[in-house]
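Each structure below is given as structure tokens.
Each of the next two complexes has chain A plus one other chain: chain B in the first, chain C in the second.
For the complex of A and B:
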């Protein structure tokens, strides 16, 4: 019960008796429903409510991406984990500006720490120093807006290094639409991270709509955005560097127009394969003293966040140690 | 029978699982009662085995999974009186399971049902254990229920206690990360 299934080409997904079947080009593939808990769909798919009902029953999430690889939304089974108590605590930490700031700062410092690690390895000392100064500034911030602008500074300093790291054109971060190949990779990778975090949030009793760094109104599941900040540098960015530096992804994996760029189907396949392999890798966890999968680090961070909300222990986000 | 307490217990929504957890770990009891149930997501092998066991055993019993108030009993058996049956995976937490079953008897009695004993089944080891509810048990159970209520009233979870039970507990990652 923890496999992700990816659909890249158009077809029809349906319930066949007690299992799932994917039909495309006259071929039928049966998907063993018991070990899937996540379906990513990157192309046009025909489906019906009978299927959705079945997915709900089997606790499977369906994530849809449009033609350009933009995340369009998810079908999420009705929540099974609920805790009114925790919800009250989540809201309390949002409504109290002091408490909210503590958590918001934590997400930013965690993200910057992990960003710094990517630069440290490449000996970009001046940028690392800049990040350290920003980190110091963060402990003095009194408002979320201030914090956001510090974070933006940090991120810009980081992105300024991307042309050197990858050897690809970057200029600056552009989102809707991504202006070049590198931006397209970042957008796609971040969407993958966002949905992965969202899925883990749904397995805990946390409510994904209440967030601290991002405004809850920003996106429906903004807690996912908060937590993804911590993991993006560790997973998404490193995968991008690897794919480019090893020549696994090339210019012909993008649809590039005058002012927009998108990953082609082949490009998405390559990214997703690498993402999937990375998340399944294991590492020795220092506190738990056993090997855990990279993807489990997300759930462990959510546990720490819950403990913070319960007033048990302050949340200290995952700091990459490898 | 102290029916005031029985009513109060019902109001506090004490489930059979909560009674068992009181004997296993107060922290687990607190977390579970606050809706932070980690049994279903942890992928803990013991939990999965337990679920399969519940789904596969005693399929033929006609009074499977009887629910009333806040509890769910595996199955009841009717003779000259009512017998409560619970199915458990291992005898490791026998004391906890015994009190869980006694709590069911207590609740049934508070409803005027003629019931004073039951059986815990351990199909994995092909054993069963009979449980008899004595008048002294009632007093001890009422103290236990008061203890549970006290745990639930705590504002923060109980500290983890690092006992041997932790290593195979579904809440381990949560407690120790």
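For the complex of A and C:
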């Protein structure tokens, strides 16, 4: 089963004897190329086109993150899975406001359900009730903007509980740059989630730029934003709670300035390790009646989305049952 | 898990030794001199076997592949300070 590799040490990644080798600090680690699924790079890396060509041949994606842990881009091999038919269907569902709304609603419903599940366990009855009211409002919405604002309300109610859950200062969600440690964790976690969803999208014939809830703007893979909405509460948020409540991540894992906060390299390493372990965990799927990895849940949802687009079966988002 | 013992009495054997190491490295992590391990699919094992058989001298060398059934978790205890050779956090 091929895995994701995470590079934190600056060095040189190269093709060597038809496999990959990472040279750092005078040391060489040979990586079995057949074991590599994706490479995440959080440090400075030297590479050449010979390597990129090799990665393309082996269908390996290389994701790059900058000094602050922001996602800067990916090297993605030429797409092998193309389907003009599906693309046409994808666009059709975007152009028809009715069809688009149906999909956008399912993304929000899924996100809110999974958010509620995180609160349910902690017995925050009043916030759960608020979320239920919002959920009821979803079916009445007629415009995407309304839906977006409903989702924002739900998220606000959810984030209001974060200080209680984690015991850390939060105040409100801030981005570009994140204002405090908790915000930095959310931002970094979400970036990881987007790339994870994006890499699964590339395994299917879906086009990552056409989305339904988020406006498909330029320069963004907005479909992965849509799908990530469903999975963020399940993966990212739970990891954050776990890291903080178990004392695995501490104040000294952040670079805190006047109005910005970033994870340090050590902090990022801890987060990514937890993220990877979560993704590799297995769970008994109720419909498939077999154990599947957490990361496969994303792919299964994309398949459901494809079925919906092709008109075979209507899409219902992944709802956590555990 | 793949283990090999190559007869290196002649120059041809030395050549085979290097070749088989390079081939194994494509599929598995190098654990010790002639020991490799990794989690690969059945299809990949078939490819690996085919490549290995193309290199070795069946009469002189000894290659053995141990595999575990799907779903069985392998427990590894590294007793020394050696870093985990299969680590994917570099």
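Note that in this section the second predicted complex is superposed on the first by the 319 of 322 C-alpha atoms of A that agree within 3 Å, B and C clash if a C-alpha of one lies under 4 Å from a C-alpha of the other, contacts with A are read in each partner's own complex, and residues count from 1 in each chain.
We take it that contacts are C-beta pairs under 8 Å (C-beta built on N, C-alpha and C of every residue); 3 or more make two chains touch, one makes a residue touch a chain.
Remember, predicted model here, so these are calculated numbers, not experimental data.
By the touch criterion defined above, A:257 lies against neither chain B nor chain C after alignment on the C-alpha atoms of chain A. In the superposition on chain A, A:66 contacts neither chain B nor chain C.
Shared-chain residue A:245: touches no atom of chain B or chain C. Looking at the shared chain after the overlay, A:57 reaches neither chain B nor chain C.
When the two complexes are overlaid on their common chain A, residue A:273 makes contact with chain C while staying clear of chain B.
By the touch criterion defined above, A:303 reaches chain B but does not reach chain C.
When the two complexes are overlaid on their common chain A, residue A:85 makes contact with chain B while staying clear of chain C. Contact with chain C, but none with chain B, is seen for A:19 once the two complexes are overlaid on the shared chain. Shared contact residues on chain A (touching chain B in one structure, chain C in the other): 1. Listing the residues of chain A that touch chain C in their complex gives 1, 3-9, 17-19, 22, 24, 29-35, 269, 272-273, 276, 291. Interface residues of chain B, counted against chain A in their complex, comprise 34-37, 40-41, 43, 155-157, 172-174, 176-177.
Of all the residues in chain A, the ones that touch chain B in their complex are 1-2, 80-86, 203-205, 285, 287-288, 299-300, 303-304, 306-307, 310-312. Across the complex, chain C meets chain A through its residues 22, 25-30, 38-41, 44, 71, 88-90.
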